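Submitted below is the structure of interest, expressed as structure tokens.
Chains here go by letter, A, B, C and D, matching the order in which they are written, and residues are numbered from 1 within each.
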């Protein structure tokens, strides 16, 4: 079933872009955990639109209302439910979606899957907006992981063909992650900010859009976490990450590049640093046989260009069964990559926390 | 939990490389399906070692014994269990594995995960051999899908830096897939066979290993199959594919390359061809918003070089807590990519059948 | 995990008695189903308190607000979420619950399970109030089943030692069920109404409470629905029914009495009535080997007396670790059995719909 | 799906009475647990037929062969698979089952469910024989629970209308349980043995069968284990127990009798005995709100008379679509209750261990 996920930790999400509200139910959270709500809202603001000239003009407050599972500032251990009301929607903008299928969007597949009964307004349940409750959920998980000294960070690995450094080239630390999380353009090589901004403004003028790659790292996971068939760390993270709209690929460690290496180059040789087990390289991205080896978990996620562009496109009208031309009105991001960063980080936190709780129970 | 997977179709695998037997339990198969066992064995032979000079010398019969759920040549609808006895094992070859962690292998993570109690012989439960029951399972699913006119095929997209054509460049058909499945080196550009063979023989002499990329395509899936959060087609396939040892990345459609395109290039524009909905391009690999759009589903999988190499390597001895040198004896594939091809195909069949049964019930 | 349930149909409930809201997320509902909301509210009113002099004085509107999955009067096929705001709560009434454990209530187990972090007010997540979203969910399932000509009905089999007839003694029909569902005291032998009312008023004066048995029947289920190990119809129904607070037993068909029969008496002999397969008796309650045989599914549920009584009771104070006396203030039902009737019916509808959808997909 | 069960602990069973083998896969067992195999076999012998003149003459060795997950006498933490080969089968005895539906058996429901493709021989997957792998599984769980000082025992509460004492009337202890487990007729009032034996011999002569009630108790579970909606201890145990063929009812604590008590009688009042929390009565059977309160968990299970009787019965022939008479040949127990005792105990151990591991992880 689609909207339920989890093993020891379980989540259930719901909502349509222009429905009454979107939200999530989270079960299996540790009992008595004190949530730093300001930090949660800060994470959610990272994803929220209307934050900068690079994002859509749609204003959302995205302040979740917690309905249950939270008492006197702490998790109770019972299901924690939270909703976000939908506001500021111009549904009329979207009426044409009843019949005209936007290229690159889920309109057509959704129409076929739900036999025409789904709420098409603003993409309905397929809208990127549905990731807001995921970020809320993952932000809580991230806090719980931080208490276990597990930290997650990410940066923009690329926008179109502008490439940042790799995490392999820098020292990973909680401070680096915190710093990156505060940047509008989280980059290891800050000099790229200007050219990326220019590229975005340029594509905006072209009424077109750009894609990019996000690189994410997780530090502090001890060796031995994860599973062989079927719940490898890669399986769990990939499963969740591919739920995020616009993701088309994921790779761990050296990823696709590892296929060009020889075994003697690809193998990460072990050594003792005092009592600590380390590897000289991290081509496996901290995961072998689905299980952590104590090195940082590193992966990259490919985000396609925003499918909503105002350029004229060829497509179909499913009512007239005719080929038609489409010019999308309304408000869109020229690039989703920036807003995808906190989504990928927090969704990963959900997966990692579930893996750890499944194994250790606490 | 690791070894159980599935929604409407459920599978449970078990076994260690040098234990008594490996096997699988499959529940949820359609009732009364007549299995072509010769075809199943043929698929399993594709994965089996000792088939050619490129593979390990280890001989396995790998003929599964069906214990239940199969009566008068048909599935009964009750759980179908099958086992494969382990034979021809030289466990003494592996005794050093108790203490010396092979780089690139799951030895260390497994030791930590199972607190030293796991069966280390031949990699135990982490052995690629455990994919044999998966191929058996997927081969059955593949036959069921073929009755629904859904066909799966794959080819070697690359070995090291030798690259084959893309599926995008050829016409996909059941016949092409059948033909590819009979090749020792399934390639679209057959001229590459020689150079790939040379590369493999060369690396064998170097006592080293090679990796590569497998490209897989699925045709015949109607539009509307799949789910948004959390069980997108990508999520389900990635979850299963990352269970296969040595996989480090997966990408759908244009994959990571799509990040360099503009939205106007990346969007697959729709058109009617008669009553059929098609797209001019297939950058989304037949999946948008987690749901099929009727175009071929295409994805690529990165397979790392065989971690078992007989070259001298640096590693650790977890008993003496010392850094040591290791020269792995025994028999290994210089490349796993060839044997990974049928595993990826059949494992994908498991995921696709589960998605279809979950949606349609039949 | 506790608050998630389901196979093909999935539900996730949440909420505390005195929290912000209670609710449910339902995934896997058929697409495009037109819900008769008035009928849903009518079912919910059957459970709602304050309906008569036999129920608590607490007034609830219990009108659910649908947040998603429902568009133009029909299910969309995406998750349907609904919430009910909590109103009319006198939390101060409950402050003593922080420390004094009410006998017969979940206070103590909950305190230990949640390590003291749970919302104790009004029983929190353990409150019978949490069954309201279940009734909402089950009422929708009931409507879907009715479209398949499957009908569910129930009556009060007993209150204390006053026993109604058995369903075995009457002709089961949709009309009978509809009629029973409109009664404040759903009885087959209406003459018992007076004595039951007297017993309830009498126990109210005694500041004590009564229990009873509810008998439920399901007609219209064809033979072949259900499963052997582990998802028998009995397993699924019992699993859900034992989630309802105050349930202490369930029996199918002749239930515990069947243990006194000989096999020759207990076996339900088959015969053809035209082309229809029937049994002369129905000691197995329409289920053998976990699977329906086409006869009515009949079961009885034991409901204990309301644990909240205003009589003085012995109990413990977990803060002072002392034995104390307790006199519960506030408003309570002298009997839960009446309100349990629609909960049992609708919760059964959830289980049966899931079993059918899991098998047939539609 | 039917044959898969579990949350933190997962099991998957398979097999048909006259197929090649029956078995189970168990995942999630603690790592490094040393199994006392003699004790496992002893538990299995309690269930095995042909043990006494009261059981069927069918001889089984029922010695499971462990295929995986067990190394050097300990669990590895990987899936533990075990099979039992089927021997000593006279399939010809059962050929008539193709068409003639045995009253009280799953033949007809199974035929409809599997559309005639199931293995009908000896009841196939519905055979009580399939409980052998469950006893194997539960016997392991029971050993793990004993290490946690949790003990499970049971006795025959009744055979037909001959009733033993209740567990409430005696002091529950590990020794009592051990002693009962060694008896052919586990009774609290040993004087009943003679009359029960006579009743069984008598019914055997009548070519008929008897049913009865098994009472089971679990001691040593701390307060706080279990869940509210939907995985109450009652839900988990009932779900598993109703998977056992011939079970028609389950009740906890005072069960159906509690419906005749007043709240002031039914409520179990708490008191401190030193630092220990106790209740004066145990009408709730150690469970309130789905969660343990530290008192013994007590429940009773209704087992119907063996449906296989050699008396002449009315039934149907599904091939000729005619009503026919049936006289069952072959070997049957005149009573299943005796063999059900270890099944109920061990299956309960599976449920309790899963609940504990889900909560505590160890």
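Simple rule for what comes next: contacts are C-beta pairs under 8 Å (C-beta built on N, C-alpha and C of every residue); 3 or more make two chains touch, one makes a residue touch a chain.
Heads up on the chains, UniProt names are A, B, C, D = Chorismate synthase.
Note that the structure is predicted; figures quoted are calculated from it, not measured.
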| item | value |
| --- | --- |
| Taking each chain's C-alpha mean as its centre, the one farthest from chain C | B |
| Pair of chains joined by more contacts [C-beta pairs], A-B or A-D | A-B |
| Centroid spacing, where centroids are CA-atom means, of chain B and chain D in whole angstrom | 40 |
| Averaged-CA centre spacing for the pair chain D and chain A, given as whole angstrom | 46 |
| Distance from the mean Cα position of chain B to that of chain A, given in whole angstrom | 26 |
| Multi-partner residues of chain D (each touching 2 or more other chains) | 1-4, 8, 13, 78, 113, 125, 228, 358-359 |
| Interface residues, chain B side, partner chain C - complex | 8, 78, 228, 357-362 |
| Residues of chain D that touch chain C when the two form their complex | 1-5, 7, 13, 101, 103-106, 108-113, 125-126, 130, 134, 158, 160-161, 203, 206, 208-213, 222-232, 234-236, 238-240, 242-243, 245, 247-256, 258-272, 275, 277, 279-280, 283-285, 287-293, 300, 302-309, 311, 313-316, 321-323, 358-359 |
| Chain D partner contacts - residues on chain B that touch it in the complex | 1-4, 6, 8, 10, 12-16, 19-23, 25, 27-28, 31-32, 65-69, 71, 74-81, 83, 113-119, 124-125 |
